[in-house]
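What follows is a pair of complexes built around subunit A, which joins subunit B in one and subunit C in the other.
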Partner chain A sequence: MPPTSTSTTTLLPPEAKPPKSKSQPYYSVHPSWQDVVPIAQVDQAGALAAIAYSPRYSEAMSYLRSVMADTEVSERALALTEDLISMNPAHYTVWIYRMRVLRGMWTGAKAAKVDEADEKQEAGDEAGEIDEALWQNIQRELKWLDEVSFRNLKNYQIWHHRHALVDLLPSTPDTTAFTASTPSQSTETTTSDRHKKASTAAPLTEATKTRLLKLVASEQTFLAQILSLDTKNYHVWSYRQWLCMRFPSFLLPSYTSETPSSVAGTYRSHPEVAAIDAMILDDLRNNSAWSHRYFILFGHHELTYSNIHGVILKNVNEERLLHKAGLVDMPLIEAEIEYTKQEIRKAPMNGSSWNYLRGLLSHSALDISTTRDFCEEFLGPEKDLWMDQYVDVESEDSETGEKQTERQQIGVRSSHAVEWLSEIYAAEGTEEGRRRAKECLRSLGEKWDIIRMGYWDFLGEKMEEEWKQKDA
Partner chain B sequence: MSFKKDKHARYWRMCANILPDAYTSSDASRMFLGFFIVAAMDLLDVLDTNEDAEVKKSVITASDREGWIDWIYDCQVPDGEGFRGFTGTDLRDRRTNGNRRWDPGNLPNTFFALSSLLILGDDLARVQRDKCLQWLPRLQRPDGSFGEILGLDGQVEGGRDLRYCCCAAGIAYIFLDPLAESYEPAFDEERLVDYILSCQNYNGGYGESPLREPHSGLNYCAIATLELISRLKGPGSDRARQALNNSDRCIRWLLDRQTTVLYDEAQAQDDEAEDEQEGSFAKEGVASFAKAPMYYSPPEQIVGFNGRDNKIADTCYCFWNSGALAILDSLHMANLPAVRMYLLNKVQHLIGGFAKDLESPPDVMHSYLGLAALSLFGEANIKPIDPALCISKSAAANLQHVAWRQRPSAS
Partner chain C sequence: MSLVSGPGRGGTHNQDALPDQLKLAVDQHVRYIRNLDTRKDELQYWLTEHLRLNGVYWGLTALHLLGHPEGLPRDATIKFVLDCHNIDGGFGAAPGHDSHMLYTVSAVQILATVDALPELESSKYGGKAKVADFIANLQDRESGTFAGDEWGEQDTRFLYCAFNALSILNMMDRIDVDKAVAYVKACENFDGSYGRIPGAESHSGQVFTCVGALAIARRLDLVSQDRLAAWLSERQLPNGGLNGRPEKLEDVCYSWWVLTGLSIIGKLHWIDKSKLSNFILRCQDTEHGGMSDRPGNMVDVFHTCFGVAGLSLLGYPGLRKVNPMYCMPDDVVQKLPYWHK
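Take a look at the complex of A and B:
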């Protein structure tokens, strides 16, 4: 690191921005940084996992350490965090420091050193109002963050920063039941009705509600854009789920209703459902979209129930608690089962849609045997578990009018269907059912799903063992 | 292709010398990168003076080892509350009580620091164990999950993430002996178990947090955590074992991650449109979603592992899935010869190391996890691995020699 002996250095013009080149110095030759003494990184010779840092990165880090040491709150410190984030977005304290700088600047604490005690400033006051200046500031930072996110699709810290920004805004009154992090709050609530929401937050004024709606709409637009670049990005989907829990009345279709009636007739026009419909239409194998679909339609009820009653989430399903409490929207389940069956018919080997169907059955405590006819659709006319013939089908391309020949499979078209049938037949308890179930597993291991032969053999043996015990 | 031990050893020696500038974006987790280097050289058995002429160039010296150990200890924060991920936050003589929050111990990197020290044969005598054990529970949230660092006012920072849970369990495992009579948990284990079990999705796999999409990396963390806090085997295990075994859905989901789809055809078509001349040798005979017939029978079939439904195969998931299966005593059900073929013939790189997929150059994470997976499958010339700690069994055995286990517990 060059020392800041400015006497011998030619300084950059004050308006100079950090250069793209990774070999040029910047801070040590910029007039506005001459008062800062950088803290060099000391790695002894023979350090582990040494990286061939660029001079630009090393220099920026040295200046960052120095402003952090003073907890400096300033425009230049903010610009430095931006520069550093562009090179190392996974730096785990630069983001927290950036937030500290922002909040210091927003509250006007422009002193070089910020008192540490003033942390817990509340953005929205008790009456659920949003301060105008704060609103503008958050908007500006989110906009900046959009750009950074597009450049760093796989980064993790970016999304945490986004949470923190959105969390500066007041909650909608119905969020309490979703605070999965603080079960102690919600266990005090006695109501079990998902439509009677715990409301501890102050009611929002109309102006605030309008603003929050605007924020949610712009977040949805941003999410659609970023997902168009990387449709299965795990961090983006995590954030999307979090946002839904943060603003449930805006983003969860069944929260729009104040009466305990089914949403089956209206949910498909809800913006969040429509967005997921469009993504599945675009790629019906997008498992992230299926997973989010389950969350917005059913999963959040499980979570709410779990929080309110202090029951762990797993047991809500396994003990069929929602079903027992009459909290399952059956018309909605039926509509979704029909929708999913249609999707499965389009791509019978798509594990995502089959898994979703299983989720629907589990949520509603419907027995798997109710899908027997549907599963048998995929066996072909004779329900022969081994049939694998093909026919050539001629068709015309709807756009170009060109004739094309496609090979279509007749006989078994889905190993998933065969797997489901093995469970369904086995549960019938008859000799014939057992025979068919065994045949299903054998055909999976020997023909339809050979790469998992070990598993199908194991299930076959386990099944025999269970029958032996039952018969004894 | 066979396992090219000499090339892997050379690749790791190269990484140990210096990592290229491209790793700058991972600088904050240098300890993690360092862990891969140390752990890989251990699995290849080239950390000690090795007589094998072929690998002689890759052997590290005693002074390399001492330098690494010293560097890791340099990353222990002065107040003893864990290790930094890198020396980049070290404020040195300007560190004060007021600014130490910018230079905190980092939970996952603390686990990797301790693991690396164990592998290097250090006795952990310089670790501020008591301070670290006081710090650990402060990173746990009321819902049982863990954060990454303590931020302003001791606030827990970092996402809700099973990775941190696993690292917390790993630290506790190294510091405490779960089988000892005097064992006292380092944090609220019951809440941690509740959190983990709540992350299991309707199709059996575990996601990052409740109701998130299952993901093999996070699923591994869930299973490894339960194992490290003795909830799968041993006392206290009934509840979790029962939860896991109710339908064997997790094992089913793990085995379902085996796939013959090794590359993304939609992406490949985009690429071809850009450059039609470019052909790829590696892609020959590889299926994609659209073209994959419903079943495949050739015995020489190559099978990879993916991390989520309908994703393509990726080297790291060979370990994340196999490791979880191994912990659950179910690895024998996987198609190991076909997965081994994938690792050796498709992603083992000419210069050593393993690539993420058919398109990428090798990197340290995938190179290590490729080795780790082969170790689980019993590959000759790789030391056997402990699936829950993700280090060699011999390194895990070094736990018997750490400083506090040598002292008689007179206190």
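Take a look at the complex of A and C:
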């Protein structure tokens, strides 16, 4: 049990910061904390063991329990959360409490009840402005959070905290398109339903727009830095996707569901697209980057449509609803198909790029047969389905007459291409097409992707069934 | 239950074993799990206090599947679970911790596994009705999905936890199941797989939660079974292990998340089962016990649980049959009133 101070205890000077040492007491001997009675761990035996190993941590936790019991909102409570986060950043409750303290301090809500803080927030929203003090506060907390994020790359709570922080900013009029209260669309929830009121909010002032643009740009810079250290972190990409939905007019190349004109000409220079280009250039096997690319160019249109028309996302895609409504940006699709083919040629076995191509076809209702020539690029000479990728080619040196062998890459270079061709050939409806389709599956099950033999067998049987029915 | 890693490392003491020589080191794993609760002198024990109840669930489940349910003392386990019960009806990660969906489902699963669900009624904070209250209050009645607690974000993981716990308690009528099912449906992507929110990147962990939830709700008709199974089968890498997303590394816990999806929709034969089995066995430390995410890394109770569960799903001899929807012994699940209709 951390000792309560007596008149004989020497207190630390008021400016003393928490020590790095695991064993030195701090809160119990700090002048600003003398009025607080720490609450020990419930499990007595455990408490003793904890103190024996890390008195600093268990001391800090016992003071946290005390301020949380009183829902204290103060600078010292904030500092305590920062101290605990530095010792144990994965402790979820500490983050939640930190946000409550911040909200309380920033809005003057004494009891730190988030609902009260939200009411004060809404007043600001309706004026289309950001309160100066709030803006500065958010900036300061973000700066602190950036540093913590770099030190704790695998931590999830950090991203939820960031989300809650940035969500304090006013909605932009188009935010409603993505956070409207329809069943299929409710995503991250703040504890308020501010966004539902966004459509009645005043339009943003120029000053506010400038600030939001600045914030969005600095978020993109920060995200680029964090992602360079942990390129596929699902929490980071989730946050990024949320940010795009929260500020679509600033982050998405074309954010309305109407596409009056194609973005194909200029879209590659759009900052968010350029950011993804850079990530794919760095690692073309980054599935998260490809997934985000799909989202910013096409997925968010599908979501908007899904929202507005009350159709679930899967059906929007399966039933080609955007295509039927004339809402597909075909020049953009074509540009992206070319881009993807280029990336596939660099790494023909990369599943992420092939999945993306599949998504493009799906979104635009283009038939898979349009990729036939492309897929056949990855077969052996004369569209051979069995030749090994590398072949030792013998030749004779014309001068010395010496025999040499050279490794050349001329055989099948992509099992994905073979899989696609089985579908393409089967759809041709000819005897030759069917024969080729079956041969594709056989080559996959026997040579190129043996581990998935069960799946190729299944596809073969399914094909036979379909043909039997067609021929009947 | 300590969530520290080590001391063992996956792949040690069996590197030279021939593929068909690899065996499950049952006794060592049992000893490893039993010892975890005695490691209170390590700082990591306290830094992972916020996961403690989950840790008990992982360790207990592994012991039951390994055929050693006596490995953790039943009475002490029940007492620990009840000590985590809070006034709002939910359970925290450890005594004195705030309630959260994740620990509430662990509490319910643990009690069900040791056949102690009636003990809930002896809690001073109310019995299963109170627990159901806590869970039901976390449903967003508009979107259908669930939050983890009153402060945190919404995620289909919590939706799955709600279905899991409430079906065990046979109190699914306390929530709007249809709305929740509709939300899960909205999380399906064009590749047949699932992300954490509509439009998010497909991820094996989300497949487990979404398909598991649909299976519990008896709505597997909503799954694009062939397309999903194809995506899941693509998770198998040449070394036999499974990954969570395209182009990522294998991890033993995906032997569970991916495998349950394939098992539930009847497509286990779309992967190479013996290669996966060998991969899991290579993740063991056969002397110190425990399993790691992949050979060479430190072991921990989380990966031990899911490695053993994966082997059970693959039919490894001598293991108790696991239920793919719950990651609990199947015989326990079959006896539940919800399934015993």
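Here, the second predicted complex is superposed on the first by the 393 of 472 C-alpha atoms of A that agree within 3 Å, B and C clash if a C-alpha of one lies under 4 Å from a C-alpha of the other, contacts with A are read in each partner's own complex, and residues count from 1 in each chain.
Keep this in mind: contacts are C-beta pairs under 8 Å (C-beta built on N, C-alpha and C of every residue); 3 or more make two chains touch, one makes a residue touch a chain.
Note that this is a predicted model, so its numbers are computed, not measured.
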Contacts of A:A207 with subunit B and subunit C, given as first, second, both or neither: neither
Subunit B or subunit C, by number of subunit A residues touched: B
First (subunit B), second (subunit C), both or neither touched by A:A16: neither
Touched partner set for A:V393, first subunit B, second subunit C, both or neither: neither
Which of subunit B and subunit C A:S306 touches, first, second, both or neither: both
Which superposed partner A:A274 touches (first subunit B, second subunit C, both, neither): neither
First (subunit B), second (subunit C), both or neither touched by A:S415: first
Footprint overlap on subunit A, comparing subunit B with subunit C: 22, 41-43, 46, 49-50, 52-54, 57, 65, 87-88, 90-93, 96, 100, 160, 181, 183-184, 232, 234, 237-238, 241, 285-288, 291-292, 295, 299-300, 302-303, 306, 312-314, 317-318, 350-352, 355, 358-359, 362, 450-455, 458
Touch list for subunit C against partner subunit A, complex: 40-43, 46-48, 50, 83, 94-98, 100, 140, 142-145, 147, 150-154, 179, 182-183, 185-186, 188-191, 196-203, 224, 226, 229-230, 233-234, 236, 238, 240, 245-248, 267, 269-272, 275
Residue numbers on subunit A that touch subunit B, as the complex places them: 22, 39, 41-54, 57, 61, 65-66, 68-71, 87-93, 96-97, 100, 116, 119-120, 156, 159-160, 180-184, 232, 234, 237-238, 241, 285-288, 291-292, 294-295, 299-300, 302-303, 306, 312-314, 317-318, 349-352, 355, 358-359, 362-363, 388, 409, 412-415, 447-455, 458
Residue numbers on subunit B that touch subunit A, as the complex places them: 17-21, 23-31, 33-34, 37-38, 63-64, 66-68, 70-72, 74, 85, 87-92, 94-96, 98-99, 101-104, 106, 116, 141-143, 145, 148-149, 151-153, 157-160, 194, 197-198, 200-203, 207-215, 243, 246, 251-252, 255-256, 258, 260, 289, 292, 294-297, 301, 303, 308-311, 332-335, 338
In the complex, subunit A residues that touch subunit C: 22, 41-43, 46, 49-50, 52-54, 57-58, 65, 87-88, 90-93, 96, 99-100, 114, 160, 163, 181, 183-189, 191, 232, 234, 237-238, 241, 285-288, 291-292, 295, 299-300, 302-303, 306, 312-314, 317-318, 350-352, 355, 358-359, 362, 450-455, 458
